[in-house]
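These notes open a run of structures that come right after.
Look for subunit A in each of the two complexes below; its partner is subunit B in the first and subunit C in the second.
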Partner chain A sequence: MKKIRTLLAFEGRRMLTSKSTLIYVIIYFISYIISVIFFQLYGSDGSVLTEASAQSFPIQHLQAGILFTGTFIAIYVAQITRQERTQSTIKLILLRPVSRLQYYISKILSIAFFSMLLTLIQITVGYLVGMLFFGWHGTLVFGDIVTSGLTGVGITFLSGVAFAFAYFAFGMLMMLLSEFLPRLIDCAAVGIVILLIGQYAEVLPSIRPYVLVHQMLFFHQDIFEMSAVYNLRSAIVILAYCLACSFAGYYVFRHEDLSV
Partner chain B sequence: MQPNKETVLEVSELTKKVDRMILVDHLNFSLEKGDICGFLGENGAGKTTTLRMMTHLIFPTSGDVLIHGHSIRTDTRAALSQVGSIIENPTFYLSMTALQNLRLSARLSDQHVPESRMMEVLQMVNLENAKNQKVKTFSLGMKQRLGFANALLCNPSLIILDEPTNGLDPIGLTELKDMVQGLSAQGITFLISSHMLREIQDICNRVEIIHKGQQIESGYVTDLLNQYKVSNMEDVYFACMGRRLA
Partner chain C sequence: MHAQLKFELQKLKFQSIYRMILLLSLLSSFGILIRSVVAKAPLTSIIVTDGGIFRIIFWFVCGYVICGIFSEDYHDKTMKAVLPLSQSRGIYLGAKVLIATVYCVFAFLIFFLTKDLAGCLLYNDAGVDLISGILFPIVGALSGIFVIVCLAAAVITLTENEAITAGVVFGAIILMMILENISIIASFVPTYWINSFYNSPARTGMLFPVSIILLIAVFLLLLATRVFCKKDLYT
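And now, the complex of A and B:
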């Protein structure tokens, strides 16, 4: 456990102090400002916003950021896996008495934390931009939910947790795929392709609940709108992706010759 | 005749095949406490592949490596806890300082490594003034020395060095030799791979020579020089190759 904690603390520090994270914050900030401009020009027809209020701003933008957020996760996963091979820094860790299982678990936990961090960044930047342009007045409108104040904040963060869970599963899928992709850019490209193609599953009602991209788009919304049984199935689907990808990824990694 | 000493490293029928190529072919040798063994061979002989198997970076096709009796295949943690190593090039996180890299490495060991030990190893390799410099500003020679400091960090009983003379100037080479021989006198065992036969001859007391993955000669340096009636390991190597081709 001590070594997993050490590796996790190391990844956490890297995550919080890296230029990439700062770039992601800036990208979200700029995209949200663009959304505000389009809302002010064209109303809700030109933006994902339906309510000009800081209370609604973050939750209404979560889904819209799927390409950004998914790509950032694909890049992060590639940085902590594939790049460690190409730069050979994995040697610094595995030449110590650290098992491959400990190493892999630390990466899984790092991806989980990164998913939560990205979600927190989106929510925080969303509140910031919302406050700058619309102020706190008004209500939170999200699907059939209309509320305000602390209840709205609670719903936003609950939605964020569901959102982070689905994106964590995507991160696990990317970690499995990174075992087979030679470079960081390949991982990012494959991640984008999966996100684009996965959205077409929406035209097939029978399979879409089992497609991860559908859960990334809607799970954070369905937890408020759909039945408990439906949401339980969705949660199981996401969990199944997490488990299948993590076990498969570990199996490959455990038997991999690291000629670094 | 050498007196009986504790066996630190035992390589037994170690083999690595990839597709149909045999990279390492049934290697057998052992090292005793305090040995400084040169693991010699030309480029592509299988030296680094062997060292990677010893440190569990890659998996043997067959055979085993025992470090203080612990199998690298089945008891990896216990085996690696007594090893410090540089495999191919020493690599560090470039955005972190020398000391931060050593700190991370120390925290991943099985023992408590105090800050004083980190400073001690940096002083041993003359990097104490660069401890707060980011590794991306280091020259190749400085990275090599930091790699050596990292290998010494956890007081290992076996140190595996892969081409440690890369990037070292003549002063650095002399310092390396003095350090290795000083530590060997304290009971630390070294396995040093190189294709620079003359340089290694000055450092090592015994050698294992491989060619195309196969062991072609082994023994103590003085014994081999007498056996082949030559004055340097290059001539021993060529004599082995000549005998092999004959």
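And now, the complex of A and C:
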């Protein structure tokens, strides 16, 4: 456990201090500014924003960021898996008394932290842009929910946890696929293809609850609007993706020849 | 320049993914035609309804190709081995810019021309105007691709980081896709130039903003070349 913690602490530091994280913050910031322009020009009909308040801003923008967040997770996963292999730094880590299982677990946890970090960035930047352009106002409107104060902030963060959970499963899927893809850019491209094609599952109501992209789009919203049974099924679907991809990914990684 | 270009072309030739992308362009083109025949709808209306998604895919493919071409030497750590092939570092970067732009335009041409030429053969009413229907969209695609290429060249040179380059390029493409939905500025967004160059009145009003964007792109490229020529790449 101590070794996993050491590896994780290193990844965490790299994640928090890397230039890529700063770039992601800037990109989210620009996209939220564009969203404000949309709202000013077309009102709530032509924008994802239905309520002009900082309280509602982040939660209403989580879903709209699917392409950004999905792409950034795919890039991050490729960065911590493929780049270590092409730069041969993985050998340095595995030369130390660290098993492949410990190494793999540390990567899984890193992806979980990165999913949470991206969600936190989106929520924080959302509050910031909302405050800059609309002021706090205090009313949170999200689907059928209308609330205010700390309850609204709590709902935003709860929704963020559900959002991060679905994106963590996507990260696990990308981690499995990255075992078969030679370059970072290939992983990013495959991630985008999955996100684009996966959205077409929305036209098939019978299969869409089992499609990960559907859960990435709606799970954070469904937890407030759908029945407990429906949400339990969605959570099991996401968990199944996480477990299946983790085990399959570890199986491939364990049998991979890393000595060459 | 000639040797460097030949070397880059050889790389494209041997990497199967680049052949697959061209094949995919051809299949997409035929896909639109087949859908037009099956739906018994005019080709132009199918292009309007389905063309949007193909344009989005096209720009992501461009992002992938451009990032791949620019970052491969950083990724494979082959920069030190490749640089002596060129007479200067500027030629190395110039060859990359040229090859990435030409390849993406070529992929666009395969999709665009096959669809129109086969459409002309299938339908009598599918005749297209050579200047506004073919030449201007190609110029629009070329200019848009050049902007993305310059952005990628600047980012990879300044950061030497593949992940940041991919993040910035794909992030910029997604942001431009979002900006296309604001009708006032849609015509000035580089990813929309394929469409907006088609419309002649808008084109005349676009000359100034398009020139400004292209100038910024050239400035980024010059900056990238300057930084790249002075960079210590031997560590």
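Criterion: the second predicted complex is superposed on the first by the 257 of 260 C-alpha atoms of A that agree within 3 Å, B and C clash if a C-alpha of one lies under 4 Å from a C-alpha of the other, contacts with A are read in each partner's own complex, and residues count from 1 in each chain.
Note that in this section a residue touches a chain if its C-beta (ideal position, glycine included) is under 8 Å from a C-beta of that chain, and two chains touch if they have at least 3 such contacts.
Here the structure is a predicted model, which means the values were calculated and not measured.
Chemist: Assess the superposed three-chain arrangement around subunit A: do subunit B and subunit C clash, or do they fit?
Modeler: Aligned through their shared chain, the two binders fit side by side on subunit A.
Chemist: Which angle, as a multiple of 10 degrees, do subunit B and subunit C span at the CA centre of subunit A?
Modeler: Reported to the nearest 10, the angle reads 80 degrees.
Chemist: Quick one: classify A:120 as touching subunit B (first), subunit C (second), both or neither.
Modeler: After superposing on A, A:120 lies clear of both subunit B and subunit C.
Chemist: Should A:239 be classified as contacting the first partner (subunit B), the second (subunit C), both, or neither?
Modeler: Neither partner.
Chemist: Look at A:189 in the shared chain and tell me whether it touches subunit B only, subunit C only, both, or neither; answer first, second, both or neither.
Modeler: In the superposition, A:189 touches subunit C alone.
Chemist: Contact-wise, after the overlay, does A:87 reach subunit B, subunit C, both or neither (first, second, both, neither)?
Modeler: It touches subunit B and subunit C both.
Chemist: Who wins on subunit A residues touched, subunit B or subunit C?
Modeler: Residues of subunit A touched, subunit B against subunit C: more for C.
Chemist: When the two complexes are placed on top of each other via chain A, what is the minimal CA separation of subunit B and subunit C in Å?
Modeler: Subunit B and subunit C, overlaid via chain A, are at closest 5 Å apart by C-alpha.
Chemist: Would you mind listing the overlap between the subunit B footprint and the subunit C footprint on subunit A?
Modeler: Residues 87 of subunit A touch both subunit B and subunit C.
Chemist: Can you name the residues of subunit A that touch subunit C in the complex?
Modeler: Interface residues on the subunit A side: 19-20, 23-24, 27, 30-31, 34, 37-38, 41, 46, 67-68, 71-72, 75-76, 78-79, 83, 86-87, 183-186, 188-189, 192-193, 196.
Chemist: In the complex of these two chains, what residues of subunit A are touching subunit B?
Modeler: For subunit A paired with subunit B, touching residues are 2-3, 6-7, 10, 87-89, 91-99, 255, 257-260.
Chemist: Quick check: in the complex, which residue numbers of subunit B touch subunit A?
Modeler: It is residues 52, 55-59, 76-78, 80-81, 83, 85, 87-89, 91-94, 101, 104-105, 107-110, 150, 154 of subunit B that touch subunit A.
Chemist: Which residues of subunit C touch subunit A in their complex?
Modeler: Listed in rising order, the residues are 17, 56-57, 60, 64, 67-68, 71-72, 75-77, 159, 161-164, 166-168, 170-171, 174-175, 178-179, 181-182, 184.
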